[in-house]
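Below are two complexes that have chain A in common, paired first with chain B and then with chain C.
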Partner chain A sequence: MASMSSSPTESAIQSAILLSKVELHLDRVPVLQSLSLDVAEGGRLGIIGPAAGGKSVLLKVLVGLLKPDSGSVKVRGTEISDGDENTLMDVREEVGMLFQNYALFDFLTVGQNVAFPLHRQRDRIRKSSGDTLSDSEIDERVEARLLAVGLAGSGNKMPSELSGGMKKRVGIARATIARPKLLLYDEPTAGLDPVTTSKMYDLIAKDQKETGCTIVAVSSDVNALCTFADDIALLHLGQIRYQGKSDSIADADDELVRQFVSGADQGPL
Partner chain B sequence: MIGQARIESIGSGILGGFATARGILKLIAGSARGVLRRDYPKGEVVRQMYTIGNKSFVFICITMGFLGMVMVMQSGEQINRITGDLSPLGAQFLRLFIQEFAPTITALMLATRVGAGIAAEIGPMQVSEQIDALRLSGITPVSYLITPRLIASVCMTYVLTVFAVVVTFSAGGLAAWSVFGLNPHVFFDSSQVHTYDLVLGSCKAIAYGSAIPIIAGYCGMQARGGSEGVGSATTNAVIAGSFAVLQIDFFFSGIGFVFFGGGL
Partner chain C sequence: MIGEGFVRSIGRSTLFAFREIGGVTLLTGKVLRSLVPPRFDGPEFWRNMYRMGNKSLPIIALTAFFVGGIMVIQAGVFVKKLNAGQLVGWGAGYSIFREVGPMLIALMFSGRVGSNNTAELATMTVTEQLDGLRALAIDPITYLAVPRVLAMTLSLLVLVVLGNLIALYGGALFAMLLLDLEFSTLYYSLVENIGWMDFVHGVIKAAVFGASIAITSCYFGISVRGGAIGVGKAVNAAVVAAAISIVALDFFVTYLLP
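Right, the complex of A and B next:
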């Protein structure tokens, strides 16, 4: 794993994400239970936990794709738990997200997928100020982003022509191209080899250094995520079992947390 | 305990029915908003018209052509047994097809071909989180995905219904001439077609054209899991779409019967 610079948490002045007592049921099954979470502006939070523990659901709650049954969800100071579409539109303008299943639009080419957020951003700016990115500027930024994720020259391919790892990288390029203030990564390195994993985390860290964005990443690759993130939260059965510095998780008091991090056979899991 | 389980099952079925009705109503409202705001990608309506219209044209024409010939032969046979006077066959046949069979059978065929296609397109998008990605990009998925299909489906169902009438009537005339020796001048008679037949047929075609993409889109958006969920959504789209066509037919035929003194 390549070295990773620390995030600019020193300049944090407010919470980028503040969840308080969030409850969510899906098909009558409790998925998030009295979940509270605080992520500082400019911070990097890694979320780990056993499968079906609610990690991906939590990310969707953070951008209003799922509405909690109760509790408060504040994103960069804006309450979104009431599901008001106008508020959500405003909040989502500042969010980029890599989905677990890549979520690449299969009717668009790779280049069009990566350019999609920029076109949307351009449409919004056109409506307000009128000063927008030109087509050639968008093309340049798309090319640069594809080069950064190691997919230079793939712009004209269709998503169906790509491997899972390549789709993941296109997803990262699309999530980051509009330089959002909050980036959510759902399994950013799943399906990637160790070298590419290291490169992806380096790229994400470099982007963060430039933009000062806040990052929340969910990953099953505990070691890589602990190296990348400042803080780690372990989510188990919809509850936060641990939240603290990533370098001290191995010494956590909770036996379940220690077992999950060490990968031991014996234990409460 | 069995009684309680039964009550719970009935209650959950009723709640599910309400949830489906609410979901479809929301989809109708969202699509209508999309039409008014023109909040859909440029060129998408034309692309959908091609998919729904052009690609269904041959299928509809062949099916309706054969249907027209079979119906003329069957009804001609019956008339021959009763009165032997085949002169009103063409006029009644045309009226029946304009107000009933052409729109309804065309729509039933579109419900299978187009409805399945829409659900099979939108279902994988739902399962692979593409619809979530659209929402995250500030796009209303209903406007983006359903509205262009709705506009295209309404237009093309109407156009295909017109073609269906022409093809069926022509094929019926051919069958009447070759099987019964009926003079085409006698068969091609539009004297029995009234304005309300045209209005009723048009209303049905427009209603069917609206219902098919809405129901198929709803089924696609309800897809869960993997390919099994998409398959189930596609099947549901065909069944629910066909069922909706027959319900709409019953509704409009009932209105026709009450207000115009009987359609059939």
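Right, the complex of A and C next:
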């Protein structure tokens, strides 16, 4: 199987993601404030926090869709905060992302959506080494991925024919099919029932075991995310309020963190 | 005395106009840069050629056919009064090739294809599909905008050529039915008085109008902000901008070309 190109600094990479004092304003409103974050290569970080706290914005900063006003953003050793398009394209080739609103291409079928990253990867590999992934190999991988997310036989449907939960699973299939080295999930289990939620996290964990990728997941389902992630960060008003092991977050010193995790209606939130 | 509100409103409108002109210019630059050397998605180009060109043909043909007829009806009064039947072929051909054909077909194309293109791109923008492309290391300009600009420009060019011929046919048919003119009179009036430049003039206009509709419709689609309301506003702005640009460009091309 063809592999994705590695960055020259791969051997020196220790942090898959390294953010330092990142500031970002949208329409003059501060969204991220002096935010610093370090995610180890191969780690699983879960990001939780109250609504409109900057979680989705943070994921977009990590893939270069939003450029910070100041601060440093290093993804797998490459600085992307200056917004240079060529650098961003190189970094994005190693990233898979699931969007909160799925972002499925509505002019393509489910199968074509899932196959999309593989076709792009094939074009790039063809340019660099001449090796190709055959159409039948792509079809097989798409079918296997759809089977893994519980949507076998849905390849010919259009996204408009799917429910929200099904779209989410197609999004997961598309984000993971090219085996990227960094996976960003924005609400991977929103709209899914508890059993499917558990299955999705199992699938994501299994994929990670095989590829060794780094995962950053944003979710409102605190319990499921804490079970899945090694580390948890709580983002509140654009700042990291807590970062630590997921199993100790319930005992955090910060009252706001404890209230958010327990869901109590009395407290600073 | 001029109120502060009025001055503010002028300032706001001026800034808005310059921002939009700047945005269209930047997009035009990016599209041109993607053409040398060619970097765009081939399958997307052919998909758009089919749905923008082929699927527009029936409505363009119908419009063109009646446009030819209208021109003959309008000219009929004077043709009869002045007994100038031998000028009908030339008059219809000259105005259709140079002006009426490209202009009306472009406006029709803008309403059918341009507005649809803006709505589609704007919906893709507000549903994060463009961000989805970027996250997959794909430039939405080269993947979506460039194939559409090329497809719309080429489609309109071909549609204008075909539409002109259909308009001439419609004109000839109505001239024979309503003005009792012979086909041979119309034919010789046309071929003896119409030169290649009359035809080329219209073709150049078609290409210019096509590129203008394509760029404005892509720009307003990609730069949309807000949800469904934003999509509606973008479509409205794109149709208005395309119509204004067609008329303005028509003036300049008519002025500059022989």
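Operating definition for what follows: the second predicted complex is superposed on the first by the 256 of 269 C-alpha atoms of A that agree within 3 Å, B and C clash if a C-alpha of one lies under 4 Å from a C-alpha of the other, contacts with A are read in each partner's own complex, and residues count from 1 in each chain.
Keep this in mind: a contact is a pair of C-beta atoms (placed from the backbone, for glycine too) under 8 Å apart; a residue touches a chain by one contact, two chains touch by 3 or more.
Since this is a predicted model, take the numbers as computed values, not measurements.
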Task: Determine, for the superposed arrangement built on chain A, whether chain B and chain C clash or fit.
output: clash
- prompt: Who does A:Asp254 touch here: chain B (first), chain C (second), both, or neither?
  reply: neither
- prompt: Which partner does A:Pro117 contact after superposing on A: first (chain B), second (chain C), both, neither?
  reply: both
- request: Could you look at A:Glu93 and tell me whether it touches chain B, chain C, both or neither (first, second, both, neither)?
  value: both
- request: Go through the superposed model and pick first if A:Asn101 touches only chain B, second if only chain C, both, or neither.
  value: both
Query: Residue overlap on chain A between the chain B contact set and the chain C contact set?
result: 60, 63, 65, 89, 92-93, 95, 97, 99-101, 103-106, 116-117, 120
Task: Enumerate the contact residues on chain C facing chain A in the complex.
output: 120, 123-124, 127-129, 131-139
Message: Can you tell me which positions in chain A touch chain C when the two form their complex?
response: 60, 63-65, 85, 88-90, 92-93, 95, 97, 99-101, 103-107, 116-117, 120
- prompt: So in the complex, which bits of chain B are touching chain A?
  reply: 124-125, 127-130, 132-139
Contacting residues of chain A [partner chain B, same complex]: 60, 63, 65, 89, 92-93, 95, 97, 99-106, 116-117, 120, 124
